[in-house]
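Input: one structure, supplied below.
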Amino acid sequence: MSVLVDADTRVVVQGITGGEGKFHAEQMIEYGTNVVAGAVPGKGGQEVAGVPVYDTVHEAVRQEDADASVVFVPPAFAADALFEALDTSLDLVVAITEGIPTQDMATVNRRLSETDTHLVGPNCPGVITPGEAKLGILPGNIFASGNVGLVSRSGTLTYQVVDNLTNRGIGQTTAIGIGGDPIIGTSFIDALELFEADPETEAVAMCGEIGGEDEEEAAEYIATQMDTPVAAFIAGRTAPPGKRMGHAGAIVSGSGTGTAESKINALNDAGVPVGDTPEEVADHIEGYL
Amino acid sequence: MSVLVDADTRVVVQGITGGEGKFHAEQMIEYGTNVVAGAVPGKGGQEVAGVPVYDTVHEAVRQEDADASVVFVPPAFAADALFEALDTSLDLVVAITEGIPTQDMATVNRRLSETDTHLVGPNCPGVITPGEAKLGILPGNIFASGNVGLVSRSGTLTYQVVDNLTNRGIGQTTAIGIGGDPIIGTSFIDALELFEADPETEAVAMCGEIGGEDEEEAAEYIATQMDTPVAAFIAGRTAPPGKRMGHAGAIVSGSGTGTAESKINALNDAGVPVGDTPEEVADHIEGYL
Amino acid sequence: MRLHEYQAKGIFADAGIPTPDSRLATSVDEVVDAGAALGYPVAVKAQVHVGGRGKAGGIEIATDDDELREAADAILGMDLKGYHVDRVLVESAVDFVNELYLGVTMDRGEGEPVAMVSSEGGVDIESVAEETPEAIAREGVDPAFGMHPYQARKAVYEAGVPRDVSRAVASVLETLYDLWESKDASEAEINPLMVTDGGDVVAADAVLNVDDDALFRHPDLADMEEESYTDDLERKAGEYGFDYVRLSGNVGIIGNGAGLVMATLDLVDHYGGDPANFLDIGGGAKAERVTNALDMVFSDPNVDSVVFNIFGGITRGDEVARGINDALSQFDEIPKPVVVRLAGTNASEGMEILDTSLVQVEETLEDAVQRAVANAEEVQS
Amino acid sequence: MRLHEYQAKGIFADAGIPTPDSRLATSVDEVVDAGAALGYPVAVKAQVHVGGRGKAGGIEIATDDDELREAADAILGMDLKGYHVDRVLVESAVDFVNELYLGVTMDRGEGEPVAMVSSEGGVDIESVAEETPEAIAREGVDPAFGMHPYQARKAVYEAGVPRDVSRAVASVLETLYDLWESKDASEAEINPLMVTDGGDVVAADAVLNVDDDALFRHPDLADMEEESYTDDLERKAGEYGFDYVRLSGNVGIIGNGAGLVMATLDLVDHYGGDPANFLDIGGGAKAERVTNALDMVFSDPNVDSVVFNIFGGITRGDEVARGINDALSQFDEIPKPVVVRLAGTNASEGMEILDTSLVQVEETLEDAVQRAVANAEEVQS
């Protein structure tokens, strides 16, 4: 089993006619993902990466029965593409696009809260269930099928941790790159809930980083509602405090939150070991299995 | 028993310092309604009609534990007042104000759909549970306590029908003036559901009029989900078709809907007798009791 | 409030929607000058608030000065379904290969705006909606978010608009929606949106009806309001601020509240009478409005008998009674018999005040209507 | 992107928020002219992107020409926490009886905007937030509907703003929110909003930080961007378009992806080293960017050793390897030892391409960092 995606997931690629969209559509198909269509306004009737392109997501769903989308649409048009995906009631939308304005994402997430769709990202590497399907830009070859769930705010750091796992023969149920933007569709808790509910996921590795309070909230969730063991890595212990001019953000978030120390303490208090190196995370995970 | 309001309902009057607001607050209190506060920005600390005025509905709720409001705020500011009432999670909001722009109401109703609040109106005479409480501008003296629920799109027509009932000794559990605007908070069905769930309401009189399809939908509800007997009056049998220039509205509503004939047929098909005169409605109701 | 075609087109053009070159004209000479300036062929279009202008003779095409003068002569000054034509729009005729329909309105049932596109424009779109509803693509809009660009595109693709103009049509629809929203419109429509040989789109007609209740925030639009009724009574009702509709019968009806007035009309009909009008004096009506209302029904030569039906909530019976007494005491002889029925707030005080030498008083709605119908029959016999 | 105070104030003033009379000046003479024109007392305020300007000597009050000249001399040209002061705002000092705080930002935890009002403005508002959070009224805003007028009033009343200015302050907050939204701001702030004796309100400071990702739709704001770094390396990073932060250590770090670069810094620290910088070359980095990145760390005199850590997803290992070879082959002697670790897409191809006469190659992140730390220690010893 797995979470979010598997070999049956029928994927439409929004923005498939762009350079990145086309390249990664091909990569996804090569990996074995069931990519059934592309959606690009005005390009309906074309064929790209061997799949038909439709003008609207709606049409792609009607014609090809798609139930998930991957979004490679440029930032200026990404919010519109996400609304289109949400309003078409897909089960899963993975937003790869980097640089979507934060206010756009606040509006998208407001709509998301009213739907049953899972939105992963934006500004994320995607979701992969090794051997079955990948939706996004993750390098498929470093993943292996197995029983560890992985959730990460960072792209390349995810690959690093996965590499450490795979190299010692530990495969993954599903890896979810949730993205590092201030406002994202799937939080750590959302991903942890999915893994907790998945009988095949025996342990979870989570990669956090400084900023926000998502990791602290996840620690609370793990302590109170999660049986599956978790090991974590937190990037940014040595990062200098950012330079700010305004104070509004600091008032809202409160001082002393969002630091690596605060996150590591919260996780340790929740019984989650935090590795000093990615290798140490792999050690902890190996200990769970 | 009753629906929506009773002697325990704690009412805040929004716009109590205006002419209409003050007059009707006094009338409501004289009727015995538990008016606990007024809310008018900038007028906090005053006392009007014997109750304290607060700057915000929030403060009126915090200080006086209000759970319902009546809105007499002028049309230009009414939508804002309604959002304030909805966001303060009152159980009931009765909007008397006439002339609220339709687009404003569409936005208010969008928010309403996410809350547990009942909004009655706008452009309605209000809600009364005879002998207990009235929220609005209905003339209390024509009502009598009893076992008939009344729901109406029209103001003065409501009074007419109530008068016919009261004059022959038939009292009312609660009367709800839902208002005749294109977009209203409480539909016929919403009101009928409340009466259906109320064990004391033994029969329901409904007063509809031409336009929209609310009566037709109510007929469907009565036929399929309602045990309490209903008798109806439909105003506008002899009304000439309106003069229109655009067609968009007609396309959406479809031709042949919204006429008195369509409503009367739908109701008759649902087993609801439609009186030719208000007296005949009272005859039918009397027959049910 | 309904804008004239030329007013709506001006607003559409300002917002970037392509419209034909045109000029407004109020005299035959102006029309001919406009034709010369625009170049033939031109269309001459009566600017009145009437549907089906074309069939009623309110639109003519002219290919030279003579035809144009003839058309202008025929249209200017004509009576078009009760409206006096005092101005026409002279407009370059557009060569088209396709006619589309675009519209935005409030879907009352859903409580949300809806945008519509059809590739079968230029015709009676209501018939299209009835006979082939699938030919009209509809896109409901969430009022919390407004219309997303993808929705405009989706409606255009679903309607089967020719692919070479789909982007242009979606852009016009986005603008039309924005106008609908920003102008507080009840309806915004383009029918037809013409598609030319060269792949351009042009709004050949324009409808923009504005929510009367929202005019307070659109003083510029409110200033555009101009009625040109040929009916004196309807003009008078506008001046008095009454909700008034003239009908064909002889029983004049005055009441408070649209529902109650409609019910009174229905009862007149039910008891064999024939309503002469719908007249709602509104809530909280003061004495002056009562006087004005009586003036209106007395001014209608068709009226033989009047029924005055007031159920007081805000409106107070004693105030109404005083208004009736005042209005009627100005006459040496009451021109038409008036039956009054007061109920509700201060009704008994009102009944006492009423001067029964001027009016007939009834206690119930049914009795009042029956008596008014009988009075009318008496006059006729 | 952070606007300067004078830029933000200009935008606030255009939107109708009252601000003091002021002039921008770049020389001592201009400052003195401005003082004479405005009338004393005036404030001279350094226009740099630094918090706590006042305490750092970046703001002075002058009551006559001499004081003003002295203040201008002191502030213009000063180095304020790493920024060169090349312009000051000369502003009429405001007599106030109260100082308020207004702010709008995105509440990341709630995923919605939040508006804030405090009657304890003019001070370190973050301390107020920490010590007496109840002194700051917060109003979450539903992004689907925007801020309702009642919310601005509610925040003002809850903050205990003096009643005689509550309406004026609510109006400023509404405008501030509208600006925050329409300018795609991350933060919009007024601290203090001064309340004068006469019951007027004046924005004595102005903060408007704009979402970099939204600058594409605000070309006017993007044009305002001006950095005045005193640090050459940070300026260079800006030109190259790198995400770069200079630190105090001697191990130069280059990587792709913020999380991985942060993790590399953490590992340098973990293995006893001291990071010299954070440098993220981003995704899909081409050879030229690799060359530029090496140029940057080599230009930093503090750097004794470099670790280059690439995990390829979009970024291809062979491309990176070629970039490294190209960049290093330009040197007769490699200025600082470089440890390279490639993983992910085309990593093995990259490893093969890498010229080991130029760089040291390691297979794992841990080994690469340890070797770079050892290299740095060797240089220092």
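The chains carry the letters A, B, C and D, assigned in the order they are written, with residues numbered from 1 in each.
Operating definition for what follows: a contact is a pair of C-beta atoms (placed from the backbone, for glycine too) under 8 Å apart; a residue touches a chain by one contact, two chains touch by 3 or more.
Predicted model only: the values in this text are computed from it and were never measured.
Novice: Per the definition at the top, count C-beta pairs in contact and tell me whether C-D or A-D has more.
Specialist: Counting C-beta pairs in contact for C-D and A-D gives the edge to A-D.
Novice: CA centre of subunit A versus CA centre of subunit B: separation in Å?
Specialist: Spacing between the chain centres: roughly 48 Å.
Novice: Please work out the Cα centroid separation of subunit B and subunit D, and write it as a whole number of Å.
Specialist: Their C-alpha centroids are separated by 55 Å.
Novice: Roughly how many whole angstrom separate the Cα centroids of subunit A and subunit D?
Specialist: Whole-Å distance between the two chain centres: 27.
Novice: Could you pull out the residues of subunit C that touch at least 2 other chains?
Specialist: In subunit C, residues 142, 144-145 touch at least two other chains, as defined above.
Novice: Subunit B: which residues touch two or more other chains?
Specialist: 107, 111
Novice: By the document's touch definition, which label belongs to this structure's chain graph: line, ring, star, complete, or other?
Specialist: Drawn as a graph, the chains match no named shape, so other.
Novice: Please give all chain pairs that are in touch with each other.
Specialist: So the chains that touch one another pair up as A-C, A-D, B-C, B-D, C-D.
Novice: For the complex, which residues does subunit B have touching subunit C?
Specialist: Contacts found on subunit B: 75-76, 98-104, 106-107, 109-111, 125, 137-139, 141-142, 152-160, 163, 180, 182-183, 207, 209-210, 212-213, 233, 235-240, 243-255, 276-279.
Novice: Which stretch or stretches of subunit A touch subunit C in the complex?
Specialist: Touching subunit C from subunit A are residues 41-42, 44, 55-59, 77, 80-81, 83-84, 87, 107, 110-111.
Novice: For the complex, which residues does subunit C have touching subunit A?
Specialist: For this pair, the touching residues of subunit C are 142, 144-145, 148-150, 153-154, 157-158, 163, 166-167.
Novice: Per the contact definition, I'd like the list of subunit D residues that touch subunit C in the complex.
Specialist: 144-145
Novice: Would you tell me which residues of subunit D are touching subunit A in their complex?
Specialist: Result: residues 2, 49-51, 103-109, 111-114, 116, 125-126, 129-130, 136, 138, 142-144, 181, 184, 186-189, 191, 207, 209, 211, 213-214, 216-217, 245, 247, 255-260, 262-263, 265-270, 275, 278, 283, 311-314, 343-345, 364-366 of subunit D touch subunit A.
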